[in-house]
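The two complexes that follow have chain A in common; it is paired with chain B in the first and with chain C in the second.
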Partner chain A sequence: MSAAHSQLQSLLPRESLLWIFAAQLVVLLPQFTHLPLWLVGAWCLAVYWRLEVFYGRREMPGRLVKLLAVTLAVAGLALTYRRWFALEPMVALLAVSFTLKNIELASRRDALLSLMLAYFLAATLFIFEQTIPYALYGIFSVVIITAALAAQQGRRSARPGRAFGLSAKLLAQAVPVMLLLFVVIPRLGPLWAVPQNAGGASTGISDSMSPGDFTRLSKSGKPALRITFDGPVPPPEQRYWRGLVYTHFDGRRWSEPGAGDGVVHWGRGRSGFHGGGGEDAQPLPAVGPRYRYQVIQEPSHSPWLFAMARPESDTRGVRKSGDDTLFYRSPLASRFAYEVRSWPRDSLPVDVGLGSRALQRHLQLPERGNARARRWGAELRARGLGAEQISAEVLKRFNSSFVYTLRPPPLGQDSVDEFLFSTQQGFCEHFASSYVFTMRAAGVPARVVAGYQGGEWVAREKYLLVRQYDAHAWAEIWLPERGWVRVDPTAAVAPQRIRDGLQSAAADEFMQDALLPLHKIAFLSRLQLQWDMINYRWYQTVVSFDQERQQGMLQRLLGEISPTRLALFIGAPVIAGLLLLWGWLKLSSRGPKLPVPGRLYLRFCRRMARVGLVRQPGETPGEFARRVEREFPRLGPMAERITSAYEKAAYGDDPRAERQLRRLLRGFWPLRIAR
Partner chain B sequence: MSFSARWRRRWAPLQERWLRRRLPAASSVTLDHRKLFVLPTGVGLGFLLVIFLLWLLGTNYENNLVFALAFLLVGLFVVLPVHTFANLSGLRLRLMEAQTAFAGDYAQARIALERTGKRLHERVRIAWPPEEGVTVDLDDTSERIREITIALPVVCRGRVPAPRIRVESRFPLGLFKCWSWVDLDVTFLVYPQPKSAGPLPIGAAAGEGDQQQVSTAGGDDFAGLKNYQPGDSLRHVAWKQFAGGRDLYTKEYASGSDVRLWLDWDLLGGRDVETRLSNLCAWVLDAERAQIAYGLRLPGQTIAPGLGSAHRQQVLTQLALFPVLGMAGATQ
Partner chain C sequence: MQKVISAIVADIGKVLLGKEHQVKLALACLLARGHLLIEDLPGMGKTTLAHALAQVLGLSYNRVQFTSDMLPADILGVSVFERDSGQFRFHQGPVFSQLLLADEINRSSPKTQSALLEAMEERQVSIDGETRQLPEPFFVIATQNPLQQSGTFVLPESQLDRFLMRISLGYPTREAERALFQGVDPRAQLAQLNPRINSGGLKKLQALVGQVKASDSLLDYLERLVQHTRQSPECAVGLSPRGALALLHAARAWALIHGRGHLLPEDLQAVLPAVAGHRLQSDGTDGGQLVERMMHQVDIIAA
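Right, the complex of A and B next:
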């Protein structure tokens, strides 16, 4: 065993091993964030063991140890992941097979297998992230894996600079093929259902709202949505991107129904929500939509989509809830683009009214607490005011003495009471929450809506950039004659928040907790915007390049998509490539370049060959000239002069003879003369 | 017989005929696109499988970056054969020498590898499969020619034409192999396999020759000095005289008994032809080692006694080329 072992070991030199480990490290490094820690440790241990084997300090692990390792790894996976049919366990499984392969990395075959696995693992990274930095990293890892592959060829190839350069050169040459295929190869769409990336904490707006949630969001300048419009762009005060509707309040936390109280009116499940199928079937109004737009949403790890009121979407997988919002069939693990049309309010028939169940839902209040707010609501109701007048009263109160601030004082048990009657300082969530509470207390059906408001218009690329700090909460009240109407209590206190965005509304406090107040440096924020524009382009051209865009692009390139043009489009580069190859073969199979007189003399020989007189191998020019004289007496003198000029030019190094040879050849056409 | 073996047996002559037309035997061969073949290796097929899996991954996740990666690898797969080919193209092989060998041993051929163009040639394996052969790197721009020696096991004596030499390279990534079957017209002169037939038959054939001459070596009695000739044993060189400024002389010895050694075919009666030749071969080697002048008697030909490498070669060649069943020479 030990002899065979040492022989196997000799098959994998140190350079090969190190390159394989480097490739594995490069591939695994970005995955370390979602791989369990023990797996990382196991990989390191396996690498260490294998290196120890290489240095002869340890034996290759025996059968028992390997069996134990496999058992441990499987047990570890089973304990870490309860669900098997998901993306992360699968990536972890690949990483485990990597690790286990390391401890039996003996032959060249094992090494190559490991590297093939590395290519695949490098690609799984893109399932998690499709941003530019990750794409660049992906390219880097492919270069490294290819270099590792080259390094398996021998010691010289394994030198770092050499392997790296070779790999980069080969991959650079592969790029044209990649571009062509990327544009041409049809996208079939999923062949079967695959596990989506379920991991990752949800970012942005969540399914419930308690004090402080939105303040937290206001600290993030990360992009949330990018919206392009096909047609008119809504004015700033109309840019309300609705995402979630909270109807249930437990005294502190607003949540969507079903999340807290178990009252399921519509759920996230496929069947649970009312109105889904029914309302979708409802014919669309005859009036056209007011806005048509495409939203590109950053991965939020939650299913909510964002749109203006009364949206419709034909994008696959997008559904509409009974609360007039859109959501996707699964949490968004990667950037997602969807088309939306939003209708103006008056184009829709006013609903028949709220059903008793819906009425009950939108008037729900916790059983206890916030007594003063309840009393105030009841009082407003007792004055016999209509819903709109009650709303105006509440807003008037907000307008009179309330302060809009990103750093409100903490609130206790009766949060609404404390905010309304003592602290009077708050953020959008406080205003929305207490507004809806009071309206419900006054008997007006109301709900909190969460989403984004505003956005920065990027004129160069013509899109609206909505960031996390644009997260906003507002309210909707039910008016029997008009249906659900948007009311934004924050606008009553800080109208500039709605008009100009958070940054101008809370200039002093804005992003104050950020590590570096980068947003205050104009140059840097411009740079940030530039970067976002690049990202947007990247997403538009590469990441979301689907069947539709593919057809559009081919249409633009080809004029029309017909089989002949398509064949030409694919065939032309292929033929060009083949021609190039052929020319190169021709050139490279030719021997070293002859000096000029020699080439001129060969031309003479070729012309003679055309009249049937081929110079024999070993025949000197003089002999050949005499043979020409014998066979074609009329060509004789000419051949004689050419030969002597050649000899002078070639051996006498006489430039005049070379010029003479050239001149003689110009007039030498044996086919014409011989006849 | 397994299917593959049967298939190979039927295929091999066809392949050989085709190769003969395409790659005729020549003592110097420059590899070019007419002589080289390129195909993916097993690993290359594995690579294709990875591409297919990536395509599935990209399709199911509708992930364009995975697609892009898959297509990049396709591109790599497209450009690789060109590089693998270029690595061998322009390499010239020239036969320097086909060394003699004994049957049952390895016959060695010295071959010169030469770069004809600017291109370098890396990881080039030259072998007579299934032998391992030699792996060469002609990767130094200053080095144009490299000499290598490859070996072929030979079984039969005679003039043995070597099979085609396989020149192969998997550079740069091992996903493709480029190869050629080169016939450098190598013919080995293979001596019979030496098989000992007991001690040298000294004096056994003495009666047959009646020349009285001093055999050039063997006895104990110093008989005089003669001029040194190449092939004379260095043990018998008169070093003392040489050190004294005189020319090289060989000391001649004579023994009282008749030491003319005839290695005679007829001494080995009752054995088959090949065994007899093997035994004679072993005797030749023994006699050379003992520095006893020996002659060879084969049916129809006689080589007068002598000693030295030229003599030895002459004798062994006779043994090697001894006709079998009336045919001159035997191939394997």
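Right, the complex of A and C next:
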């Protein structure tokens, strides 16, 4: 009986509970997309139970029930994730503990704990998403949680207006501190493994290319890359952002052996070039890079990075493959920025040839199929033409009668043959695939390159915006005297595709399947571009503010980063702020300025205090003068005169008395007179 | 003018021996057109003071002894039907005088108290739907026994506020008491007093009170005092603006009595216990002690 009574007493009031639930909902809402569904149900159940307890229809769950709940939750987590030390299960664990806390939410302490956890959980959101909408949502949830905290104080402060007001005020006051900490707090690398979200690999270029892949991409207007240049910007026809090289063809799919499982072995085990070292070992040319640029890549959930030919990157974790492309050590789960320098191909000496294994790889053709194409290739070869001439022949054929379209007729078993000799309609992947096939049939080492081509130059923010529909496939052939040379068969058919982009090359078909033809409304496109610029800014200034940038910024601010300077940098504003606050408090508490006679009289009092006679606050000047007379008879007459002058000046508003008081004080040095 | 005032003080001093400060306070109260409440034990000279004041100032004087069965009409007056003229005629009550001594005011019922207090505030009375002006000047000197005594009705705060000052006379000094013992008869002295001033002169004096200058420095001090009563945890209630004005006005009268054309902090301090004491008192706290502490705490020169 007594236990129930004490529990009743410690029960939280209704407002408090509702605030906590609101904060929890706000924090968990965006997490629900990552979290397993049963967790959502568990949360609802816990909240329901707690409300029932509040209405007195149910008891707080006993120890057995709690134990059961914990066991179930842990088992659920284990079954859902099957691994422990990754980020997602950890976040889920946090959410679970947050949820379970509800059923023992009894005292104010529990409430505070729950809300503190809410802050933490709100912060975990940024592990998954760092875009502006999520940042705004993060601010929103912090406001709600703080308001909930403020509401815990009791009845009046639980009113929404009051709680929000206080919360907003507190957070606004915290903004300067936040900015300061943003700049100076040391940036540590993530301590956790980046979530390997397999479900997100829906957009972007994949590890293989089969007919139809690029059609899918051409329907997406999402940004893929944002590229800023330090120095000259390449002309449109040079903007080939190479991502992947496909060498293996099975008759239908182009793929890269060893690149499929997301774990990359390139550049190490595979010797693309003779001499064992490959291109990596080659010293960088003395001639400077033609282009220096920074690429910000949207999360692609694959490790491939995009750059122009012959790239070099110093960004940590970026490696170079034997096929002259860049890749990251793990799949990109979030936006990633990397610096690239690209050398023009012809500035590098071509003293290396293709090794025999590489040659074999780049001449590989499936066992059978596409007989006509093979015959055509052999025929071209038999005519004794050089590699470049063969290429010219093939391109001439493309140029004569082929049509560039985003909606090609479906192809059958012998896709290359059908495309080359019957349908003759297709887009980049068809052209690249059949071109490479024919070249290989003619004995010229060739490969398919997938990536992006073109991009929209955003003049206002000076960056190149590459979208998913800029995805492109082209070919490279090996010329013994020049090395790998880019050949874009699509350019032979639809040069405007290369020059002006997909939108103008296939105006009628472009994004035809979109639900609403939004891209046709100029205003909306502009708005979209505007939004992209804002996003770019956001990423540039906030998200990509890593250790290097922090160092750079501090260096710019301080000249040199030393502990003293850093302490000065942090301490000086803090001390200045505190001093200002102190001064302000001092000034505001002092009240109106004392008039002149008062100040003069206080001077008299200070001098008297030095002799040992302190005026009491409530002692009138007259009384004080009499006391002076009593204690120091020699000072008496002077004190009397000063006092009467002061009284006249201060209370009779007599300006002459003020002058007199000044004069009298000039000659009044009690220390000298008294002794 | 100054001579007149000192003469008045001296005259009353002859009757009420050794109570110069209280006499001056009472005079200041009247000069500031306020009403006076004297709180003391029976036999301390309350009535004598009132009587002497009336005598010296040449005012018409009425005295009412308040009792518990008293009705408002007993103070204000009543209309009586006269058979000769066949009309109602108003018989003025004791309130129609220039100086009314309301003796032991807290012995009467609240109804009667409030009738008098209303007259004090409005300086007029309404009877049978007719408003009658009270004579000019009009003072009330009320006396009351200490609250603990039996058979008393407590004056509520709002009505205490109507009195500009509350003073108590206290026991006489040894010399004064010895003089009493030696046969100086206050009543005989009282009879010998002559008016020193007429009502015209009194009006002039009252007008002079308003001309006493209060400098900014002094108003600052007043403000600090008032703020102290409102902010200090000791005071249950702060001084109202009316209370603050009363303080200023009483201090002016005090300054005039001392022959000054401007106010000094001493003036404020002199009248402060009498003016603020009954306004600040609340259950369990004694206004007098509170005011004493306040005078010591609030700085005169600067905040």
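Throughout what follows, the second predicted complex is superposed on the first by the 509 of 675 C-alpha atoms of A that agree within 3 Å, B and C clash if a C-alpha of one lies under 4 Å from a C-alpha of the other, contacts with A are read in each partner's own complex, and residues count from 1 in each chain.
Just so it is clear, a contact is a pair of C-beta atoms (placed from the backbone, for glycine too) under 8 Å apart; a residue touches a chain by one contact, two chains touch by 3 or more.
Remember, predicted model here, so these are calculated numbers, not experimental data.
Once chain A of one complex is fitted onto chain A of the other, the partner contacts of A:92 are absent, as it touches neither chain B nor chain C. In the superposition on chain A, contact is made by A:175 with chain B only, not with chain C. Of the two partner chains, chain C is the only one that A:616 touches; chain B does not reach it.
When both complexes are overlaid on chain A, the residue A:26 reaches neither chain B nor chain C. Legend: residue contacts after superposition of the two complexes on their common chain; A:406 is shown touching neither chain B nor chain C.
With both structures placed on the common chain, the touch criterion links A:466 to neither chain B nor chain C. When chain A is checked against chain B and against chain C, the one touching more of its residues turns out to be B. Looking at the shared chain after the overlay, A:432 reaches neither chain B nor chain C. Put simply, chain A uses residues 591-592 to touch chain B in one complex and chain C in the other. On the side of chain A, the complex with chain B involves touching residues 112-113, 116, 119-120, 122-124, 126-127, 130, 134-135, 138, 142, 146, 149-150, 152-154, 156-157, 166, 170-171, 173-178, 181-182, 185, 187-192, 194, 334, 542-546, 581, 585, 588-589, 591-592. Those residues of chain B lying in contact with chain A across their complex are 32-33, 43, 46-47, 49-50, 53-54, 56-76, 78-80, 82-83, 86, 89-90, 116-117, 119, 122-123, 135, 137, 139, 170-175.
Interface residues of chain A facing chain C in the complex, by the touch rule stated above, are 590-592, 594-595, 597-598, 601-602, 605, 616-623, 647, 650-653. Within the complex formed with chain A, the residues of chain C that make contact are 213, 215-218, 220, 261-266, 269, 294-303.
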